[in-house]
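This report concerns only the one structure given below.
Think of it as A, B, C and D in the order they're written, each chain with its own count starting at 1.
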Amino acid sequence: MAPSFLFSQFMGGFTTAMFLFLIASGLSLVFGVMRVINFAHGSFYMLGAYLAWQGVQWLHPRAEAFWLAALFAALGVALLGGIVERLFFRHLYGREELYQLLFTYALVLILGDAAKFLWGTGQLSVSSPPVLAGSVEIFGTAQPLYNLFIMAVGPAIALAGWFVLNRTGVGRLVRAASYDREMLDALGANVGSIYTGMFVFSSFLAGLSGALVTPIQSIVPGMDVLIIVQAFIVVVIGGMGSFWGTFWGSVIYGQVLSFGILIFPGFSLFSVFALMAVILIVRPWGLFGRPI
Amino acid sequence: MPRGYIVALFCATGVVSMPASGAEPIKIGFPIPLSGPTAVYGEPVLKGAELAVSEINAKGGVLGRKLELLSRDSKANADEAVRLARELIIKDNVDFLAGTLTSAEAPAVSTVAKENKIVFIAPTSKSTILTDPAHIHPYIFRVSSNTDVEGLAGATLVARWKDVKTVATIAPDYAYGRDSIAAFKASLKKLRPDIQIVDEQWPKLGEPDFTAFITAQMGKKPDAVYCSLFAGDFVTFTKEATPRGYFKAIANRMVDGAEVGTTDEAQALGGDYPYGIISDSYDPVIFTGNEPPEHKKFIEDLKAFTKAKYASGWSIVGYQAIYALADGINRAGNTKSDDVAKALPGMTFDTPVGKRTFSAKSHETFAPEYWGVMVKEAAYPFAVMQNPELLPPSTETN
Amino acid sequence: MTGRRRATLASRIPWTLIVFLAAATVPWIGSRYDTFLASQIVIDALFAVSLNLLLGTTGLVSFGHVAYFGVGAYVCGILMKTYEVPFVLAFPAAGLGAALFALVSGYFCVRLQKLYFAMLTLAFSQIVWAIAYKWNDVTGGDQGLPEIPYPDLDWMSAIPGFGDLRIGDRFYLLTLVLVALSIAALRIITRSPFGRMLTTIRDNPERAAFIGLNVRAYQLAAFVVAGAFAGLAGALYGLFSRGVFADYVFWSKSAEVIIMTILGGMDYFWGPPVGALALVWLNQQITAYTEYWPFVLGAILLVLLFAFTGGIVGGIVAGFRFARYRLARRDA
Amino acid sequence: MLEVRDLRKAFAGFVAVGGVSLTVETRQIAAVIGPNGAGKSTLFNLITGHIMPDGGRVLLDGRDITGAAPHRICRMGIGRSFQRTNIFARLSVFENVQAAFLAHRGRGANFWARSEDFYRDETAGLLASIGLDAHADAIAGTLSYGNQKQLELGIALASDPEVLLLDEPTAGMSATETRETMQLLRRIAGERGLTLLFTEHDMEVVFTIAAKIAVLHQGHLLAEGTPAEMRSDPEVRRVYLGEH
């Protein structure tokens, strides 16, 4: 196989990976701190996509329409996340995880239908922002500028996240919360606002990733349940609650999917779920996480 | 434990009332995707059927009874379509079934029609398994073309590119895609044994991310591509493929047999359309050449009915399905499915693009389609088909 | 009196028999559509009761229970359609197949705690989905496996009064009997010492180990039994819906059966069947008015989670307790 | 006879139990005392198989039970209570004890009979002996704290243990409750011929009923002997009994 081809396949996998990282990082953070698997994360992602489309409709044809719309979408979803956390979710922290899981699933159902009600059931799409519409040639392969942009955004968010978590006071509190909730309580930190903050930030990431995906994917009902399963796989591979784990989990997932198509074309779908199961069996805390 | 009581209560109140008088409308159940990536085709098919129903009812209906269309969103899922078809029969007591879009839905609904002995007219499903000898039954009829016809037309077009030596395929991984590629390959082998198939990609229907498929296919450096992606999948595919230079690498030598030559698809993609590819449509809508007069009227009526600026290239199949059914009922003289099922085979009916005849053997019309290069026209903000050509020239393949 | 409940008038009435007989009259007094709904309720009831052996009895939150339902549906469907195996063999084979798969997957699942358990069950069910979706030659892939033949039920014509019944009615009666037997078996299991051990594991796995229980072995046993009965429910569902499709195995279906279970009340054996009845009935009522059924379902779920944790049966029981309390106070 | 030989366990470098050896004779009542974090609970968890030791051995009547699974150790004749009450909160008191009988006597695999019909008399008798007969039908989770502790004892006794390990059996109880509980324990241990090993903070209790006392400090055994010996041991007095 030609190296340029392998490179192209790798870059394709890496783009997929960085999109998934944007989505999965929020899911992973919420799991790490709150020990909740948030099924609604996919719905937040979908809402981000719809809101971005809506924003573009409003702001069209201004050149910066896409960027403003993406910001609008991310902030809108973050706001929604905050409301959900304050009004409902905080009442479930002491309850069994079954109830927390089901609550997030109720959100999936409600938000899915709300999106259908507001934006219909058809397929919507958003064009790439003009600055990133073209592509550049790397090693004899055409790489879309927009994808390169995403490949830069992913690691940038990873680095920023790492910096905040490891080098700031807020990050210390978050890490403390994910290590030992009781200890944090004892330290007198306001766990409630940390949780709200985490949930809002996680929703922001979901909304942002939903907005950023619109130039290369169509917006359709059902994109929420499709993406959430993929995000789960990524988070499981990397280790639930581990930020870097999620990053590398995304990279692995993207490459397995990308090269899996070459090796066993019919079964790449199967291979990622099998990978998830195997990791849960041999290392439930993921490749980069630590046992809880 | 009140399980049985509520059931009993429910039964006792008798939610369903049986139709009594002859003035009752003739009910046609119509499961069709109205959400998800294929809704972009499903909606206009339904509109076409609704137009036919309103025209027929305006003329007094069939056998003095009005037609009533009961449409349901099948979500392009086989299981959902089956569930809806059974519910339409059992709960709504429909007289006939029509509709479904994909070749996952139609064969599944066909089994329901067979079991309940209810005539089912599939307007769009092309997969040969719908009416092949193993699956044919007295109640299934198909208005659309089939994958053999489509594959032959596609291979004919690919064969015209004399310098093409290698071809790759990409198709959704389900009945239609598989049958379509198989038919294309079989026809191409006869027409151009020198052409090699160098790559086959099988994304799933509704695939959200085609990147890996695109790069994998580009790696094989085909001269041309035969594609069976359609509706939302083709939109997603194109948006990822164009910036990767996919169409440039094959010099736009793609033939897509899955009706991406319709105005619907062209409008969905707008300026992102990969101009220069060849595709098909049952109805090119915008004829650059000689337009049949019936067609002109049909398009005007359709535009008025849907209040849309441009008509859809998909509505015609829904329209044809209802007219075929109405003709069949008229011929049978009653609405009993058994009699209508006997009236339809061999029956010829008029459509805005010429006459169609249900084969007596396989209950289908082998309809040719219009094919042509999709080009930019100054008058339209989307791609239109240049000089539509009816292919394959000889339609009777069985 | 300790442990044994007092025999009151209400408890002497054979409620289950009455419910069973009432359900059996549906084909005669109801329409074809009523039988259709009743079949769905009965099959869902078995599926939900099998899930509740894990959820309510053993305290295992499985988010992939639909995998075993799906395996049962495919095993029965493939045997009956592709290999023309008669129903009397295909039906138990479905339970067995599902049990075997539950044994293999459960062996790994029960090693994990709580959320990880839920995730691994989800992963296994998605593996089943991916196989069902992609293995065209066997499962029919995306088109599914339509046209599974009905079991041979002509013998029913010999029974007086059964001659006029449609095939769907006959299949409903067969389903009703099979489901009743399965639920009875699950009832016996739940009330047995084995069932009691499962409840100790639900309440406190650490303590359960220290009364001498091999907790994982018991959890695995419960997983296998629940899987087997889910498989039987799946086999019936495949026949009832005239085909088996990959979407039956998608993860969101697992969520639906969980909702069904807690809607009825997972703390009560009869909760899940009540939940199945309520959900199918609600679905039928609500979809007549609006296409936004998932929205309504989500809203129901919110009410259940925040105001009505005990589900319907829990609510009824609490109502009775309150009434009795009021009566006792008035008498005093 | 319960023997612990050179048992060791460290968590991520922190030595919780560092080479403890201890022998409790058959029918002896022994206490392990020590400040919080001395390693008492870890020691118990090592003995009962809840934690795998890094080294050392646990012998029950000369039989090596080191590292066996908790349910096996329970079946070999070691019963225990936990520091935080550990009962089956949603079952009735009766069912709690009955479940322990079922499990211990190998009836747990019976899936066809009605569980209610098993061991009714034994359960009633045991509840009477621990003074919980009045609460038999109550849901365990609704009991008072003291009663829950009693119930935990009942569950442990249903396994018919030779050796009973009690982790702070009187924690959180009033002075009266504590006295009653310890009397109950002494009586039951005598009736059943139990070997008893317990941890306790209340020194008065320890010195009145224990025949042997072991003092743990920072994971190490500081001293062991009769109550009288411990009282006079200067090292024990210094680090633990708070005298300088």
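By definition in this document, contacts are C-beta pairs under 8 Å (C-beta built on N, C-alpha and C of every residue); 3 or more make two chains touch, one makes a residue touch a chain.
Bear in mind that the values here come from a model prediction, so they are computed numbers and not experimental data.
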Report task. Kindly list the shared contact partners of chain A and chain D, in label order. Result -> C
Query raised in the report: In terms of CA centroid distance, which chain is the most far removed from chain B?
Result: D
Query raised in the report: Between chain A and chain B, what is the separation of their C-alpha centroids in Å?
Result: 36
**Report entry** Distance from the mean Cα position of chain C to that of chain B, given in whole angstrom
**Finding:** 38
Requested in this report: Mind checking the centre-to-centre distance between chain A and chain C? Centres are C-alpha means, answer in whole Å.
Outcome: 34
Query raised in the report: For chain A, what residues touch not just one other chain but two or more?
Result: 116, 266, 269
Query raised in the report: What parts of chain B, by residue number, touch at least two of the other chains?
Result: 73, 173, 204
Query - Residues within chain C bordering two or more other chains - result: 133-134
Query raised in the report: Chain pairs in touch?
Result: A-B, A-C, B-C, C-D
Report summary line: In the complex, chain C touches chain A at residues 55, 61, 63, 108, 111-112, 114-116, 118-120, 122-124, 126-127, 129-131, 133-134, 251-252, 255, 258-259, 262, 292, 294-295, 297-299, 301-302, 304-306, 309
Requested in this report: Show which residues of chain C lie in contact with chain B when the two form their complex.
Outcome: 15-16, 18-23, 25-26, 29-34, 36-38, 41, 45, 133-134, 136, 141-144, 146-147, 168, 241-243, 245, 247-248, 270, 273-274, 276-277, 281, 291
Report task. Would you pull the chain A residues touching chain C in the complex into a rising list? Result -> 35, 37, 39, 88, 91-92, 96-99, 101-103, 105-110, 112-114, 116-117, 225, 229, 232-233, 236, 240, 266-267, 269-270, 273-274, 276-277, 280-281, 284
Query - Footprint of chain B on chain A - complex, ascending - result: 1-2, 5, 8-9, 11-13, 15-16, 19, 116, 121-123, 125, 127-128, 133-135, 141-147, 215-218, 220-223, 226-227, 257-258, 261-262, 265-266, 268-269
Query raised in the report: Inside the complex, what are the residues of chain B that reach chain C?
Result: 1-8, 10-12, 14-16, 73, 77-80, 82-83, 86-87, 90-91, 103-104, 107-108, 111-112, 114-115, 129, 173-175, 178, 204-205
